[in-house]
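Take a look at the structures listed below.
The two complexes that follow have chain A in common; it is paired with chain B in the first and with chain C in the second.
What follows is the complex of A and B.
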């Protein structure tokens, strides 16, 4: 008995001192980040969140939103789904008008669902699955990034048009939805390219130490394919790329954005003929000078260069949300969603953005193409797929 | 029969005290009125359900099971199949049978069916596994967990494989979780004082003497396994409604070790230990999280560095086990009088 009276006392004390203020004050504009401040997702969430904070800082410096300063509240999801739901509820209790959730759909959805059930707008920091939006959360949910399928489709069409690739090999790492998404986009685009052929396809798993069997099958083709569509991500991507090149296969390798960044290039010295689609360049050569200026700001704010393009969606999300709030003249969720859904090719620092009542994600987007040549990545081109990927193809 | 009061009457105090304790926690949550705190309390009640479910088998049989979270997984997915809107099932889980796609039940009915589903599988697995004893049985339960996890992580059109299954109605009121936790406590108590429970505990303490007295050990273990499987399934069903998302990796090693360590800290051989282990450790986790987030005292904010919570929790668990190797409660149960009874009914003989 003594035990539990002590317990109850401890709990009451904790509740009184620790519980956040839950009265939402209508005079404030609050952005709530229910993101990972610890655990492995922190590596993805933190950079994008830093970029979001830069945009919030810019808006506040320019006089705020609807004449009010944007306030920020945070809650840590600890890279845990159950904690994610709590983090969502915490920021909502603290008066959030916009709930920003973890980059990944699986880890962001519990918090996004709490926002949805409270009738608030939620934004995934950089999720690239169709589910991160209407299809997997509800009508008030959005993602700031571009669908993985668009990356696969972009690389297929660009390599066909600009590099005259005709024979393709498809190598899928079945580990994540993201990987499958890239290959789905590639599969959708390929039949539309006259006389482009798929000469073979294969799968592997991210954790596979060796993909020798898959490489043997590529080597035993009568002719080396023009391009290999590699649908994979870190950490397995490095080993796969290294093994393909070590086996003497020199076909161009096409990828999704997840392998952007130069941090891993030393593992595959002198890598060439390697192409990645990115929303903005971290290499200081973006055709838009404002991106380079943003990179400088990012260095100032965080003390380091952006390590991959996944920093950028954080900036975009605050940008488009703030514009929608400005146009709606309120932070009311339905009004803001209506304004967001009116956006067609809305210009942002990292390419135009479109939302409509069917899809709260980008099923068509401008991508910069980064080529890695002799171990040095640089922007060589930009490409927008000729038509948006239909929702049916995305949902399969 | 002697003129002593029946075993049920002598031990009824234990589940009643534990229920009052849980109700007290629920009232604190209601009084606090904060949504995240409410959710925290829901988590605590879920863990109480799971750890009590685990206790039914582990506590009474003395065999440590690493596989029970598998039944939680079965229960959670069954609840998802039964409560999601048919439209979403059609697109996300097209491999389900037609009638299951068409059905959409209220969450409480689905939870009962989910518990039965988990119990059914516990019976199937248990029929084979319960012939084993000691470490071999533990390892076999672990293999069962791995099997369930592998099936659920790969059966794309029925479980959605590793993708999150969404569309499960979210239940945010605290009462269903409280009721389920209390029901679990009463089921555990009912089993412990039943013939099967008493025989099983006798066999746990003296296997040779028990089998010499005609106790069919595999059978008694199987009964406990099925009952605990059902409770774990019920917990799983409620778990899926607490956040509205299920994935197979939620129900794997992390949750297995969390629930086992709560049971060990509380006291493996005691129902009160199972409940108190959860309440003590969960309270501790929560207090440390608040300290990590920062608590304002006057004008200054006191905050611990991130990650301290996990470290402090580990240290506290080591200290508890160093001073009380058999857990906080040992083998004793809470009772109105000074605790002197061992397990509920341990002193009573079945006729």
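What follows is the complex of A and C.
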């Protein structure tokens, strides 16, 4: 009954002031997850959300945020854009101070836009498009991951400096903005590398049953390129990699983070000379021992190992948001955004994070480089691109 | 020269996939005027039958570990079995329905199969090492091509010859051809309709499973949507081949594969992302000049 009277009061307040009732209620700090609990996106949202829950658990165990325990509310977007907007409204109605939305820009933006129009902070679980933030949603929206373009730029510069690659081949899967983002970053970096040349380029589609024609084009080059920049994601990535190796092409293959994980390696037995940038290592060999400790916590919480590095941004988002709330002394959206925008190389478990009033995403980040050799992935290096990718290069 | 040869192999192997798909659709259309849009989901099902149901990221391969001489019949049986089951449970009830109603029913069935797989396996694509011995290059007339490509082309040709012989020489084949040409008349003359239709579904399902095997070993991936693209291309092939005509479907399948590879090879880099638009453009042109398809099936002609 107590809750009912509280609800009634809140509704009256809302009716009188026109403000979201529970958001004004300062007794609670609520994180709302408007994410996919069913359908296609569930497999991608759930792991990052589990990591976010681990960070919330840690904060609560350490005494909470601003002396209050963080509460969590959930709403299922059912992997549907219209349902996404409804799920956003539902968690806002339940008093969310922070709205966490689906990993992907297209699926997360309806809930993020709902949060934006209510003046609340929203965080994409792991979107890697520049649109997941100020540019595509509004000034209160952030993404916890790193831009796809940084991944392409990182692999180009690292392979040039550390593996002495000089001739590059660019193979783009035109399916998603994410894929184009990787190749955009690669395109931005390549001209800055003295005597590195693009010896050829081609496109394919993720769903293509065969990329034999694309492979024939690579094989007709006078010399095998030093490196193939492969801008693609699952499931087409496995198919492309398998077909490239089955055709006897042994060039170094550079990728974005979307192909991280050992779960698919059985499809290409004994894969070698294969490189992926990751924010943290799921293979138990992260140079930061705390990451390995986190992996153990994740196993405890979910019963399984993290399957890819896309678990980690969920942890980062609660971490940076809670720090901003602590510094602002309130969950008020504008004050929290102002604190987030002051962060420059803010240390997190998965590398430093920077936000400013121009970009709520990472256009430069430290990446670990994972090499797969004879079918076994392991961290071999780390790399931070020499300068951040300018916003206009990201917006093209 | 080797580059041209390589491209020819590329076109033939892609065309083989489309031809096998088109054949599976044309067989069923022939006997009961049903455009089976669930065909793509039968392809996906056949591969998932090799895995143990689990929503874990790593695939729990069970039947997929069988030696090849057991694995191939197992997958073919799975495809054929599901297809026959679909006939008994669903399509038999639509025998006298209009083709449009049957088409909608096939769409619905496709969704049921897909969501069944989604429920059991989640949306994450699963990786599977299927017939890994085929993932190595071989030398043919100076061109280095993946062994799988060669096997795909040879298998398709073998299936086509086998099927032709079966349809021309066996009693069952004769009944099937008779039913395709004039179902009512064939029935009146003593062709057992249920047997013929079930046979067509079994063959079509086995063809879907053959595609699944090729796609599975080529891509190393089991994905609940893996059949969609091939199904669409195969359907287009049956239309330009002339609905109901089996040789037409096969020829059109190979033509589509060749057109797709030719576009990929010849278009400039900026136009290449729109390759399929050019392919579909060519399809429209063919249909403008031959609306009945390249080889119109005799059974589909307007009856006066």
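Note that the second predicted complex is superposed on the first by the 372 of 396 C-alpha atoms of A that agree within 3 Å, B and C clash if a C-alpha of one lies under 4 Å from a C-alpha of the other, contacts with A are read in each partner's own complex, and residues count from 1 in each chain.
By definition in this document, contacts are C-beta pairs under 8 Å (C-beta built on N, C-alpha and C of every residue); 3 or more make two chains touch, one makes a residue touch a chain.
Note that the coordinates shown come from a computational prediction; the quantities given were computed from them, not determined experimentally.
Within the superposed three-chain model, A:92 lies in touch with chain B and out of touch with chain C [touch as defined at top].
Of the two partner chains placed by the overlay, neither chain B nor chain C lies in contact with A:301.
In the superposition on chain A, contact of A:395 is made with chain B only, not with chain C.
Legend: residue contacts after superposition of the two complexes on their common chain; A:378 is shown touching neither chain B nor chain C.
Contacts of A:105 after superposition on the shared chain: chain B is touched, whereas chain C is not.
When the two complexes are overlaid on their common chain A, residue A:213 makes contact with chain C while staying clear of chain B. Of the two partner chains, chain C is the only one that A:202 touches; chain B does not reach it. Overlap of the chain B and chain C interfaces on chain A: none, as no residue is touched by both.
Across the interface of their complex, chain B is touched by residues 1, 3-4, 7-8, 10-12, 14-20, 22, 37-38, 75-76, 81-82, 84-87, 89-90, 92-93, 105-106, 109-110, 113-114, 117, 131, 136-137, 176-177, 395 of chain A. Remark: chain A residues 39-43, 174, 201-203, 205, 207-210, 212-214, 216-217, 219-220, 234-236, 238-239, 242-243, 245-248, 261, 263-269, 304, 307-308 touch chain C in the complex.
Interface of chain B with chain A (complex): residues 21, 24-25, 28, 31-40, 43, 91, 162-164, 166, 170, 172, 242-245, 247, 250, 276, 279-280, 283, 286-287, 290, 292-293, 295-296, 306-307, 328, 334.
Considering their complex, residues 3, 6-7, 9-11, 13-14, 17, 55-59, 61, 118, 122-125, 127-129, 132, 135-137, 144-149, 215, 218-221, 223, 225-226, 228-230, 260-261, 264-265, 269, 272-273, 275-276 of chain C touch chain A.
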